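Here come two complexes built around chain A, the first alongside chain B, the second alongside chain C.
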Partner chain A sequence: MTAAGVRGRIRLPPWISAKVLIGFAVAVLALWTAPLVLPLGDYTHNIIGLTFMFMAAALAWNWLGGFVGQISFGHSAMFGVGGFVAARLMLAFGLPTVLGWLAGGLVAGGYALLWGHPTLRLRGPYFSIATIGVGEATRLIATYWSDFTGGSSGLSLPLSGGPTKYQLYWYGLYLLVAAVVISYWLRRSRIGLALLAIKEDVEAAADVGVNPTRYQDFVLFLSGTMVGVCGGFYASYQAFIDPQDMFSFDRSISFILMAVIGGIGTVLGATGGAVVFVIIQEFLLANYSQLYLGLYGILLILIILFEPLGLAGLLLRLRKLTGYRPRADVGAGGPASTTADTETESVAATADRSPP
Partner chain B sequence: MTALLVGEAVSRHFGGLRAVDNVDFHVDEAEILGLIGPNGAGKTTLFSVAAGSIPPTSGRVLLAGSPVSGKSAHRSVHLGVCRTHQIVRPFARLTVLDNVLVGFHYGRPANGRHRDPRGVALEILEFIGLAGDAHRLPGELTLAGRKRLEVARALATGPRVLLLDEVVAGLNPAEATRFVELIRQIRERGTSIIMIEHVMHAVMALSDRVIVLDHGRKIAEGTPAEVVNDPLVIEAYLGRDENAAGEEPGHA
Partner chain C sequence: MPEAFTLVISAVLLAGFYAAMAYGLGLIYGVLRIVNLAHGGIIMAAAYLTWQLFDRFGIDPYLAIPIAVVVFFLIGVGLYLGLVRFLPRGPAGAVQSLLLLFGVWLVIRNIVYLLFTGNDQAIQTSYATASASILGAHFSVTRILVFLVAALALVALHLLLTRTYLGKAIRAVAQNPDSCTLTGINVERVYAFTFGLGTALAGLAGVLASTLFAFNPSFGASELLKSFVIIVLGGLGSVLGIALGACVLAFAEVFSIYLVPPYLTTAVGFVLLVVVLVLRPGGLFGQKVLR
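== the complex of A and B ==
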């Protein structure tokens, strides 16, 4: 928790430090202007825009999976609901693109609450198993509800009237900015404490006044809405969506992969995972289609064995080599442990990361 | 002295097992109530009901006249009843300070209004004796330290009634003496306390009144001195000497 301070005449909320704000503003500016100054080809430019969207979706998955510790294998359900609702609204009512995405997102968020509110009572693997069911059931419903989704033929979106694929780069960037801000807020504000407490020990959290249902529901709604908006983006990007692709189990897995490779539970690690994911999908899939699953498998094994915090963890190690000493609770982003493991894990964590 | 937390005919059954059987209890403002009894007597279960974690099978618990039982653990905390755990449950990967801050931010609303979170948390850590460990992880503390953290976190919720579950057990004599003094100071600050304890000198030194549970039932209530000399209580802990009354020996 950073202390509240008065910086000049602008008082920042306690969860933002001036350094972070400036760094963030610089990064956004750089990304915003990059296509105007760098000689990127259209293809690369568009892929980067798509990557921004995947980053936002992965960050959103991480709110539930990493911050709260409830691993969802069914997030494609919200991705698909968002995409199809957005597409339908644009086709039926000519709704402007961004409004369509927002509407799709909110419906997806509501859908997440519908299945999630009762399901979040389950902990750990039991919740995850339930989400597999949710994802698959949604896919089947969507495939058979061909009036709404176009069934196996899918829906084509009009190519005119909305932003071009080229312009979607900046729309993706805005999505990413929103996701980053929310990620930071969810972790660093007092609500971040509640989420970490729930992740560590939900019963003990309730015993000191944290309402687990309220905060889990809130995060689930937020996560579902953002992923739904990303689904809308994807629909506009491809100008075509079909249920098999949007609601697939592979897609649910992809969110998990991005977050885990990037650093599950860290604030921004998932963005790195999204980059890895897009690189593998776009540049390896075409040439080495047999290998990409194996590659994911190897990556996951390496992460589980050597660096549970993924790319973010590697970055942390590099920084420590240059003398950076993290706070004692840097491990709080990592995978949740059971209460029985608590003593050993925290002692092990401190052996690695204790302050001087 | 007005009764602050009152349990009326509280029962909690688990199937056929009567873990708590028709227990009446009360603790007054700024009073320390000792809760003792042999292992398995139902003391922790009574705490769980009083703290709202589990609902009573029958009966109810009232705080200043309003029902607090049968809702939820976090609701009870907001109303002013907070419990610690027999086996400490700190948030392992949060710092000591953040552990306390969770209690402060999510505790009783009236307690947290218009106050500086960090300041209050550090003041509590100062009071409890953990100020120097504010940025450590719970795993780096000794058992005594973790027990202090458990109490500090509960205190941060601003409870009107604090339920302490065997906080002195497992401490060496020096630590235990310090803890007894700490509990006394908590009461002096105005918080009522119910304490489950097996460490008899702590119970005797601290309690204004004591109630004794055995097999889920209350078998005695009174001052520490009264209770300790009560034959029913002695029998509950030590059993009865069948030979003393001239009856046939046969079973313990």
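== the complex of A and C ==
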């Protein structure tokens, strides 16, 4: 089936395999109908909707952090910009909710380019620390620019007109679907190969004709836009936003954690990480709120020390135990984008190939 | 020009503190190629240690320096042997070390929060409000003392790195760890010592910071950022490079009051970082190699 998708003449873009497509469609349909069929309580229903948004945000962070290998500690900046621009547009011009989110997202993407274009030429720790600066500077400006953000007293969104909190579940699902589709497209198309090349060695990538600046700018713009839209969704969900929450360092941390828990650079992993993150947040930490930072810290340390690929790595290990072996062409550094089974294997192969 | 003169002296005093603060980060990066993201957390923890020593046992912050240095040296060695040692070297390890040490930072913050709550703390010594006059302008004694201690520490460190066998070994490992194993240097031990030394310096900076600023468990984020700005400006090179980088940052921050509102001084450092990294990726002075 997969081989046919690659070598045969089926008219699907090469990054889509029929097997994955069918599985994805079934999953989306199940999630779409679940609230209509299953007796979910209001609380659970809403939390699942919010989880969709977090999944989308984690994936968006992962485009930059996982596919390009540029760890951003400043994604709260775009989350906040998206949320506040969307809220302001809805308040001032009565813009429909979804248009407001999109506008907020685009502004956030533009903002990401503004700081990202100069800083993305930095690699590794240099870029990461610069993003800490971006996040902190944006938070400071947002907190003191009270004409726009309402300062420390925040901003309330219009109550009527938009989708209700109950309906936001489906909007969250659409957001997630968009994020997953973009993720697979980024991972499996030619762009994915270019990004992998940049991640492995920028200079070598540039030598073979991959323009690192253009690709990285593009991914950052996409990532910033998606996180901005998520910020808009969050603003609608909460119906009240304040800069201390939207721009907080903890929010940047949460995107990193979701991706790291699930498995940096994977698609399914990052979504799974978001689920784990929300479960921890809602069910464990509601009772131990003073422990949450430390718990996240310990989780990070344990994952990095024992399973740097997170949940995806665990899954891979489990499959190896049951006799599964990744394809040889992946291990040999072959065209990783054409093996359309699960993407964990190509990531694992990347990790194995990295120098000791 | 009395005002400008006051500002210049303020900037120099501030630069001394900044240099001591940044050196620990620069040392660890220069030798291990790891950015110690827990740096800010260590500074914060050291400030709390100083505060406890002062509050419970009446130990003056400046007398607490040797205690803090020893304690944080041991903590640093412990961090290296317990965690950092297991990370892969090279580019693959860079991302992992960032995330790991970030986790350590979160844990430190949480421990401090559990022990001492999230309230702001400050150390009120008897001489906290005393001031001394330099050529007609008045400066707080605390800031002058901080400058002197920081300068002393930097000189001591410079001597350690340039005049002792151990310092030679550290510099050799920074240049080429593989050749060092051939010449019989225990590279792992040098790494552990360097990580301890860098952490001890962060501890020293924390003690000094506790006498200058109020602090709470989230203290340290902007200190980490500033330290990083300085090592980038200074080019991760010698003590001199770090001192120059600290001066550039301190002067930019102090004189920015003419241009931007005070709450944006953190952003000044960041803008400086971006501008320098874009114009001179190797830093303002010299290369990114610990010489």
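Just so it is clear, the second predicted complex is superposed on the first by the 316 of 356 C-alpha atoms of A that agree within 3 Å, B and C clash if a C-alpha of one lies under 4 Å from a C-alpha of the other, contacts with A are read in each partner's own complex, and residues count from 1 in each chain.
Heads up, the rule we're going with is that a contact is a pair of C-beta atoms (placed from the backbone, for glycine too) under 8 Å apart; a residue touches a chain by one contact, two chains touch by 3 or more.
Since this is a predicted model, take the numbers as computed values, not measurements.
When the two complexes are overlaid on their common chain A, residue A:Val20 makes contact with neither chain B nor chain C. When the shared chain is aligned, chain C comes close enough to touch A:Thr119, but chain B does not. When the shared chain is aligned, no partner comes close enough to touch A:Val28: not chain B, not chain C. If you count the residues of chain A touched by chain B and by chain C, you find the higher number for C.
When the shared chain is aligned, chain B comes close enough to touch A:Val208, but chain C does not. By the touch criterion defined above, A:Ile71 reaches chain C but does not reach chain B. Residues 354-355 of chain A touch chain B in one complex and chain C in the other. The touching residues of chain A, when paired with chain C in their complex, are 69, 71, 73, 115, 118-119, 121-122, 124-126, 128-130, 132-134, 136-137, 140-141, 144, 249, 253, 256, 260, 264, 290-301, 304-305, 308, 351, 354-356.
Contact residues on chain C toward chain A in their complex (touch as defined above): 29, 34-35, 83, 86-92, 94-96, 98-100, 102-107, 109-111, 113-114, 218, 221-222, 224-225, 228-229, 232, 261, 263-264, 266-267, 269-271, 273-274, 277-278, 281. Within the complex formed with chain B, the chain A residues making contact are 1, 3, 190, 193-194, 196-197, 200-201, 203-212, 327-329, 331-332, 334, 337, 339, 342-343, 345-347, 349-350, 354-355. Taken together, the chain B residues at the contact with chain A in this complex read 51, 53, 72-74, 77-78, 82-83, 85, 89-95, 97-98, 101-103, 105-108, 117-118, 135-140, 153-154, 156-157.
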